[in-house]
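Shared chain: subunit A. Partners: subunit B in the first complex, subunit C in the second.
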Partner chain A sequence: MKRNVAIIGGGQTHHAGRRPDVNQGELVNEAVRAALTDAQVAIDEIDAVLLGNMEFFEGTHLTDCWLVDATGALGKPGLKITTGGTVGASIVCAGVYHVASGLFDKVLCIGFEKQEEGDTGAILSAVAHPLYGRSVAGAAVGYFAMMGASYMAAWGATEVHSAMVAVKARQNACKNEYAHLRLNITIDDVLSSRMLAYPIRILDMCPASNGACALVLADQKTAEDRCAKPVWIRAMETVHNEQFEFDWRDVTTSKPMFSRVAAHNIYKRLGVQDPAQYFDVFEIYEPATWAELVWYEDLGLCPRGEGFKLIENGVTEIGGPIPVNPSGGVLSTNPIGASAMLRIWEAALQIRGDAGGRQVPKEVRRALATAYGGTNWTVLTALSKDLED
Partner chain B sequence: MADRVAIVAAAQTQFRPRRPEVNYAEMVLEVVEKVLDETGLELGRTIDNTVSCSHDIWDGQTISDIGITDVVGGHLGAEEKVAMDGATAVYYAAIGILSGHVHCTLCVAHTKMSQTRRNLVNNIAFDPLYTRPLGLDFTSAAALQANRYMHRYGVSERDTAKVVVQNLGNARHNPVAFRRESLTVDDVLSSPVVARPLKELDIAPDADGAVALILASEKVARGVTKTPVWVAGMGACYDAHYLGDRDLSDCFALEQAASQAYKMAGIRDPRKQIHVIELSDEFSYQELMWLEGMGICTCGHARTLIEDGATSLDGTLPVNPSGGLLAGVPTNVAGLNRVAEAVLQLLGKAQGYQVAHARTALAQGHTGICGQHHCVIILKRD
Partner chain C sequence: MTLAPTLQVREFVEIPCTVDIPYRFAAGKYLSRFLVELRDNGRFLGIRCPVCKRVQLPPRIVCAVCHVRNSEWVELGLEGTLTAFTIMHLPLTDPTTGKPHKPPFCYGSVRLDGSDSVVDYFLNVEPSMRRLRVGMRMRVVLKPRESRKGDLTDILYFDPVD
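== the complex of A and B ==
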């Protein structure tokens, strides 16, 4: 990168399954105002506005054009990116490029989804190939049911392990005033919840949330002049698997998977030997409980096939040695276009020490955020408190 | 700028009203193979990432870039999709290279307009509460803009018809265009009215097709080609969404975008310093409006440029020598194809529609209703 880039502020909405009090623009504006206030930057000082959203979900084409009053893009350069669940991180990546290019000093990045205005399950089934995949598509639930079944068969984990992930997420969410599903639940609650597609029960899945997140990115000079606690974006890595790579459902596959390849690339870029030591906290994109266990392994936090032992031993609890998703994660809050940006923002809050009740009880100098989208792709984002780190 | 971005290759499919023999990935593959063959660059090795441009709603596939991941180097590689007009995808690809994060980028846009109906897609670009229920689409909104512009500046339907005659005449020499006709002004005026004052021939037709470019840092570009085309300036800007919030005959967003691009490229007098323009004439009158918005002439005077032949193939400032969108270029691909056509002109590869002595070109694309978002790219050759 030609210039260092920092997050100098951010904000999020209160996420919920129903937000009848706001339309899409007002929802976005809630996050934009929070981010500008946090960054102590006026909208007139923003050089470009970038929007991430999956317009098929709400059925409005060119949402960036419609929402210029809400985003503050009127009269400014800007663009819209749609890459699925990853889009919140893709937009941050675009923001990093914008600032690092030297053409822009302060860039506003926004991700949002108002899922109650569409049918996400139906629209997610349209991700599959129209000829070969759509007739068997079961939206995200079908996708992760295959993963869960494969995981149990291959590694000897049980539904209790996935239930532990479900409980951890919702218990952490209870500490997060912005989270959607703030549920005080037990393992028994999860195991007795409604079965959607074996082994995925309703509490194993993320909700369909309404919400938005916005971040202000800035160059080093602006960040150091204007911000008491800039959080530095140290590396980003985007990796896909192509659409016919169905082996992902088999957790024992020997084929190169997006998540492992991306982790390998970003660790190499940063010189990371032991990610569990290097990063102090992880915010990962887990649309289903089983995906969290696979992430543990793919990120190298444990050997392959042993992810369920981390949750069993409490290693990834908020107070554990490798805290994962102190925010409650995607399992508790999933406004799709914002979800990946929320991972980055929650990781930044941990570094700033501003995570309130969900702050991990140790010093946080470095954090890793993941995203998850499409047929299987991710954007990884590494953050640090200091540029020297 | 110390660092420069170059375009080192450009490829187009044939644009046709329907391409039933290919799906959109196959269409993209056609142009990707061409730019790879031309440069010898390899996806995942010498090409660092891909910026694609398409729309879920046009493609009928959620996350439409999934449909092309395998042909654009997305498998185990980095790909991002800009959901705007293709000029903005070029703009974003260039910003990625200027950031220093990547050094060589494949930029590709596709759309098969034959797969759906444009008025349905366009209608849902209007806000769901106030304007969508009126049944507006881009054509009916453009008719409002045309009426306002023509009334304000005394532009006649004969003036806008001349744009059509000139562009479709130019297209006769462009092998990828499909509306290639020798027409008279009267032919245009007597074509069926779609939304007054817009007639069938005033409106860019539906088309299927794809276009690819390869962008590279100066260092990479020097190793690939002896004739890089430099991205010398770029600009982009949003205007208001609600039609009533704008005077539709103003070109606020285009003026802003052009001014950013001119500043970056060191252009003070665009009429003299730009030698060829490829702009998005989605509707005939827009060619006149956009020329004014770019500062090529004062407001209301672009019609005299056409009248005097200044914008013809052998004029002092040729505009849309390729035939433009009126000759048949898919929406979304449109702006990326403007850049591709400008590159062909600067490289002297435009064959039958080559203009003379072009060293600096302007390419323009817009997204949304009545040109709500504009993107301007200035290209130069050494």
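== the complex of A and C ==
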């Protein structure tokens, strides 16, 4: 990068299924105030404000305009960013580009969603082509179900493996005071929960959450002058699939899937040989259990077709050799416009040692965060404790 | 009159709203030919990239991988292979009609013979959905000519090839 960029502070709301006590501005303002307080930066010092959420999820457009009071953006340069499930990471990506370029020194990034206000499934169906596939469209669960069916057929995994992912996520969420679904559940609870779309049961799927996350990004000089524990953004990578090519549901495909290409690119950029050894923690975007197993493989944490063995052997537990989603992940908390930013913020908290009860019990120097947009593109973010890492 | 501080709100107002948006969607050159051929002649046309030779479905102007204009039209078979499927237990709304699909219903991805792409559509699983398997052969069943309208819903469903 032309200039180094750090996260010098951040904040999030307590995420919940119901927040009738706040409107969107009031929700966003909770995260903004938390981030500015954490960064010890006044809003007047912020050079630009970037905001994002899912288009029309709350029945509104142009949230950058009518949330301008709550975000603190009045009179400042700003952008509204919407890229699907990746939006939280795309906002950070845009902020990083602006700071790295030298245009701004301090950028406030905000992602939010108040899912209870809209019909998520209905709005997501408009993502599908009106003449080519929309009649089959309906919520993300069907797509992940097809991924799960393909995964079991190809690699011999069972529903018990996906249940293990569901349990790990919710048990980790129990240690995260901000998480939405803090459920003390067992594998049997998952396997006896209601079937939504074979093979996905309700406990295999993420919730619809209300929440917001905000981060303050800064250039190296500001970060070193003002912040005791800056977390450095070392690289970001965005990769899309082709339109209409839905092969990611066929886990045996040999096509260059977005997630594998993005991982290859960011590892090459950083000189990573063995990602499981290089990164100390992963915060991945897993709206459904099966997606976590596919991410293990796409990120190269294990050979293809063996992701289910990692969960089976406890490798990705908080205390395991490759901790994945100590926060509880998207499976426990999904305010969509904030979800990908939460992955980055959780990774930063782990590096700072500020993750509280969900802190992984080893030194965390490097972390990798992922995102899913329509499960057809991703934004990856690599973070580190020192610029030498 | 003294007003209570706003943070002591006794009633939070939430108003139900509905947005109904008419629009007209243009299919364009490539997809129009595909849809008209499907509607009028019951044929599936793919498009082959002149560089990588992949047959793409639905036809589109540019091969995203090679960044070249697609030009060679190819007729595909009406049979293919199931690569993924689900049995949906939720009464999801069909966004094109506003009416719910009656659960349980099945849909999946089928790779038509001769195509490098998959098509997502409903699967006929009568008499039992237990017969569904990844890798099984499927056949396109179209609606009768007179009820086709020129979009993918001209397909009735994919039927297992027994």
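By definition in this document, the second predicted complex is superposed on the first by the 388 of 389 C-alpha atoms of A that agree within 3 Å, B and C clash if a C-alpha of one lies under 4 Å from a C-alpha of the other, contacts with A are read in each partner's own complex, and residues count from 1 in each chain.
Here, contacts are C-beta pairs under 8 Å (C-beta built on N, C-alpha and C of every residue); 3 or more make two chains touch, one makes a residue touch a chain.
In this text the structure is predicted, and so the values were computed from the model without any measurement.
In the superposed pair of complexes, A:N313 makes contact with neither subunit B nor subunit C.
Shared-chain residue A:N184: touches no atom of subunit B or subunit C. When the two complexes are overlaid on their common chain A, residue A:K2 makes contact with subunit B while staying clear of subunit C.
With both structures placed on the common chain, the touch criterion links A:A145 to subunit C but leaves subunit B unconnected.
Touch criterion met: A:G102 reaches subunit B, while subunit C stays clear of it.
In the superposition on chain A, A:S90 contacts subunit B only, with no contact to subunit C. Touch counts on subunit A: comparing subunit C and subunit B, the chain ahead is B. When the shared chain is aligned, subunit B comes close enough to touch A:V239, but subunit C does not. By the document's definition of touching, neither partner reaches A:T158: not subunit B, not subunit C. By the touch criterion defined above, A:W66 reaches subunit B but does not reach subunit C.
Within subunit A, the residues touching subunit B in one complex and subunit C in the other are 59, 126, 130, 242-245.
Considering their complex, residues 20-21, 59, 121-122, 125-126, 128, 130-139, 141-142, 145-150, 153-154, 194-200, 242-247, 249-250 of subunit A touch subunit C.
Residues of subunit C that touch subunit A in their complex: 9, 12, 14, 17, 19, 25, 27, 31, 35, 56-58, 60, 64-65, 83-90, 92-97, 101, 107-109, 117-118, 120-122, 133-135, 150-153. Partner subunit A is touched in their complex by these residues of subunit B: 1, 3, 49, 55-57, 60-63, 65-67, 69-70, 74-84, 88, 91-92, 95-96, 98-101, 121-122, 124-129, 234-241, 252, 256-257, 260, 264, 367-369, 372-373. Here subunit A touches subunit B in the complex through residues 1-3, 23, 49, 54-56, 59-62, 64-69, 73-84, 90, 93-94, 96-103, 123-124, 126-127, 129-130, 236-245, 256, 258, 261, 373-375, 377, going by the rule given at the top.
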